[in-house]
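Two complexes follow with subunit A in common, the first pairing it with subunit B and the second with subunit C.
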Partner chain A sequence: MIVVNYLAAVSLFSMGLYAVLTKRNLLKIVMGLSLMESSTYLFLLSLAYRARSTAPVLLNPPHGESASALARGDVADPVLQNFCLTAIVIGVAVTGVFLAVAVRLVQHYRTLDADKVRELRG
Partner chain B sequence: MSRALLSSLLPLTVAIPITGAVLCPLAARISRFAPMVLSVIALLSSGALLVCMAPKVYSGRVLSHFMGHWRPISSHALGISFAADAWGLSFALITAFLGALLILYTLSELGELGPKELGGYSCLFLLLCAALIGSGLTGDLFNLFVWFEVAALASYALTAFFLERPIALEAAFKILVLTTIASFAIFLGAALIYGSTGALDFGQIERSLANRTPAVALVALGLLVGGFATKAGIVPFHGWLPDAHEAAPGPVSALFSGLMVNLGIVAIARIVFEVFTTSHGHDVLGLLMVLGLVSALGGALFALVQDDLKRLLAYDTISQMGVLLVGLSTGTSSGLAGASYHLIDHALFKALLFLCAGSIVHMTGATKLSEMGGLARRYPSLAGAFVVGVASISGIPPFNGYVSLGLIHDALRSSGQFLPFAVMLIAQIVTMAALGRAAWQAFVAHPSNEELAHNEDLRPGMIVALTALALGCLAFGIFPTFALSHFAAPAASALLHPGDYGRAVLASGGAIPKLRVSFDYWNPGDLVAVASTILLAIPCAMLAVSKGHTTMAVRRRIQDGSVNDYASYLVSGMLIMLVVLAR
Partner chain C sequence: MATRKKLSRRDRRDERAIRDREPTHRRGVGAVLALALAAVLGVTVWHLPREHASLSVVAREAMTVAIPKWHILEPVNEVVYGTRGFDTFGETFLLLAAVIGIGLIVRSKEPRDEFLGEELAAAREQHAEVTRAANAGTEQVARSAEAAEQGQRRGPPTPDEEGLGAPWPERSDAMTVIVRGAVRLLAPLLAICGCYLVAWGYSPGGGFPGGAVIVGVVLLAYVSLGHRRVVRVIRPGLVELLEMIGALLIIVVELGGFVFKGSFSANFLPLSQLATIPSGGILQAFSGSEFIEVATGLTLAIFGLLGMAHDWANEEETQKSNKPIRSSPSRRGRATQQ
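Let's turn to the complex of A and B:
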């Protein structure tokens, strides 16, 4: 079933990339980047999954499991989950800056069209 | 100080500037100069710590520290390591001291801003410097990604620092889009490497890739190199760079160009040489060579015909980053020593030139070369500083560019790569013509009909910064043997002995063999090359002055200002790299 996750991640990534490459609306570009970002989280969490594993918490193991058995590898990989947590925090900050810049651009140019915001060229 | 003590002080070199960054907006409540003073103190104390480590590191030791003493158990590292080798330490050192100098300059140029602005500015500036020091010293792939993101966030805000200028916002949007895509590439690359090797520590990754490089790891390599090449402004990942430099304040452009773009090169070298050892027959060095040559020539050609001085310097940065990549991709000791020499040189001369451009804007309000002219009579000392920068960048002895370019050219000649050598020489001629034309039009040529404003003369902070940088350019040109044996050769050695670096990171310290690199200062070949490039650069510059404007249509078609197009350049570059590497 994990294959479905990978397929979903790839299609989300492609949808986001499509938006970034073809949409001229500033907010749609930001949304495309957010989609790409979410798809990387899905991909990483799927990489961390192992068949029939539990959450990577060693304290109070679930019934029938011992902490040492969990530590030997019957848990989802916590390192990749940590990656995602870190990246989510960074992603929120970046999206915040993105939207702030987009709002200021709209105030200056009175348009969301990226093609009308092209003073710097050549 | 003992090695153990020095190693445990490593995290402090990043912690001090970050603490300073947090305190800056608060300090702005006391006085509007307090945050600037605080940031100079923070950077200088971080720099002083790095200087204490320098003798050990440059004599061939690697200092390594695991955060919270989470040491590796039977060579499996869970903790985050910080490791100072000569390659990373050079970058960290130049960041700390150049950063302090740039803040001093900012105090002169932007000192009239309000306390809130100055507090925010110094906070972002310190964060960016901390991120650069961290990325130079970190020994952990994911940590490198985090420093990349910290640097990126600070750079977005610094680009848009003049919020009231529409072009600053436009540039900020472009740097945001491109750097965010790059960060996805690095993030995925790090995850794929972790997935295929189960390691994040550079030492441990190197060890598990030493025998066998799986295809997944090669895909990861392509993603990482592409991501960091975006930060370095390598063609075709460069779309954001000229815009960001044109829109940002002078000292911020100097920080971006002198230090921040180098993050990309430092990380690429670390990943290609110290993590993926190059002996397994993959094509990454050839790829870097092509990217480097295209950037070196393309950046120089675009610089040749620019009218905006800061944009011209920005395109030249693309060219210089290409030169650095070419030096790295030779893979020989003299090429790598030349690249690590050029890294320091570029920081010095490009910061000098951007500060000159910033001073011109500050004193006359002119940004375009066609508006300037005859500035040498009004500001002779500024003209002197600019000429020093131009001579250094053009590789004219006795300035520093001559040594580093000479080393890279030597490496190309001695390994028989004559086509790249020829392209490098052409790029050199075009660079010289571009910068020479800028110096001529700004300082010597007859002023255009309208009279330039004269706001004021150079302020003390500007004079100190310009003098220090010009002297730095001269010093690295006059004492090449000292600089080579004490800074550049150890850095090249660290890159050439990946196994030793990896072992040292895991074992909390270790040694790297010494490497001898010699440079023949009076080599007739190099001197003749310099003389002939000067002769060829003069007609090239004259042609650019008379016919430069005719290229406008072509330039505007390639660099068309559309963020979608820049993103598609980036993505197609990345795809080509992945196909070449993983085939």
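Let's turn to the complex of A and C:
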């Protein structure tokens, strides 16, 4: 039933996209982007899940198995967990840049409304 | 007559509803696009491998080479710093680029230190400005004297110098003595936990979570002790230097493989016994450098955002809109009425 997690991630991503497309408040746009990022974390970790498996850690394997036996056995996917780790760090950094730009825009234009930030046009 | 009255009331209500509604942008188009994307992605993920699928070849490879090739018991760390080390290398510099970007965006106006001839050219304006500032200064002195007469005392310079049960409330830039004491006790322990996560990286842990823990410690200190006293320790000059050292160490560790083994991010350090701190060869060195990089990078980003000064705006406009904020509450009310 892990497909429910996939679908939840898809709906979270779409909600984030809807917020980015329709909101005019800059902070809400950043929140929408954050929601899209979070949905990818959920998706990657759900994709890494395997039924009746254990964590991909070879230290102290459970049920008296040896570490090399565990390496051949069924574990959660470590590569996708690595992707998630990467995504989290990049997500934090990118959100920081967005927020810094948003604060500067507010200081410059005195509004959070993205439609009023138009002096660059023309 | 009655119907017209009712209509007008409804009109007024509609008008108020329109005015109060949050401004949005093409909600219909946005909904259609978001739903279309959801449908496409939903069909895609429906056909993805589920929980009963076998592990991918890459994951199996990472699991099997972790012990013989790298002497490490944590395949995720093996993937992050070993098999996909090049990707993590790129990610590190993406993080560095983001931090530098934030630093550039949040920087305030810098004083120029070279001779530009402005002093001579603008002597008259400068004189007017100095006079104006001096007048503003006397006004400020008068206002603070007035406030002192009305009994609005200010507390001591730092919250720690303030006696318990003092007549005035504690300054809002720091939390109460209970929170400060707890944080003083806990912050070193948490910092040690962060370092432990990195040093014992052959079990779950590593540079990224360890760095995040250190950022948490810095934020705890910031929230409880206040900005003024934390920035004395977390100086940008020091943290930036540390971050550059971390980045340099990562480059050295990754290029070492190229120099000694002929391939970028190959292991060139001796592998020691399993389940010891130096057991992963370059993995642990990379992880430690990444720890420095993540901790200092995120600290710089957060402090850059928190310390964003009121700057860059149009001068007259700034003065106009700053007036109500700087003046006292009663004056603010008057300013809004005007």
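By our rule, the second predicted complex is superposed on the first by the 117 of 122 C-alpha atoms of A that agree within 3 Å, B and C clash if a C-alpha of one lies under 4 Å from a C-alpha of the other, contacts with A are read in each partner's own complex, and residues count from 1 in each chain.
One rule holds for everything that comes next: a contact is a pair of C-beta atoms (placed from the backbone, for glycine too) under 8 Å apart; a residue touches a chain by one contact, two chains touch by 3 or more.
All figures in this text were calculated on a predicted structure; none of them were measured in a lab.
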Superposed partners subunit B and subunit C on subunit A - clash or fit: clash
Subunit B versus subunit C as contact partner of A:A51, first or second or both or neither: second
Which superposed partner A:A93 touches (first subunit B, second subunit C, both, neither): both
First, second, both or neither for A:R118, with subunit B first and subunit C second: first
First (subunit B), second (subunit C), both or neither touched by A:L105: first
Which superposed partner A:K23 touches (first subunit B, second subunit C, both, neither): both
Touched partner set for A:V79, first subunit B, second subunit C, both or neither: both
Partner with the higher number of touched subunit A residues, subunit C or subunit B: C
Subunit A positions touched by subunit B in one structure and by subunit C in the second: 17, 21-24, 43, 47, 79-80, 86, 90, 93-94, 97, 101, 104, 108, 114-115
Subunit A residues within the subunit B interface of the complex: 17, 20-24, 26, 29, 33, 36-37, 40, 43-44, 47, 79-80, 83, 86-87, 90, 93-94, 97-98, 101-102, 104-105, 108-109, 114-115, 117-122
Residue ranges of subunit C touching subunit A (in the complex, touch as defined): 22-27, 29-31, 33-35, 37-38, 41-42, 45-46, 48-53, 55-56, 58-59, 62-64, 66-67, 73-76, 78-80, 84, 87-88, 91, 94-95, 98-99, 101-102, 105-106, 202-204, 208, 275, 294, 297-298, 301-302, 304-305, 308, 310-314, 317, 321
Complex contacts: residues of subunit A adjacent to subunit C: 2-3, 6-7, 9-11, 13-15, 17-18, 21-25, 43, 47, 49-51, 55-59, 67-68, 70-72, 74-75, 77-82, 85-86, 88-90, 92-94, 96-97, 99-101, 103-104, 107-108, 110, 113-115
Subunit A-touching residues of subunit B, taken from the complex the two chains share: 142, 146, 149, 152-153, 156-157, 160, 163, 166-167, 169-174, 176-177, 180-181, 183-184, 187-188, 190-191, 194-195, 200, 242-243, 246-247, 306, 552, 555-556, 559-564, 567-568, 571
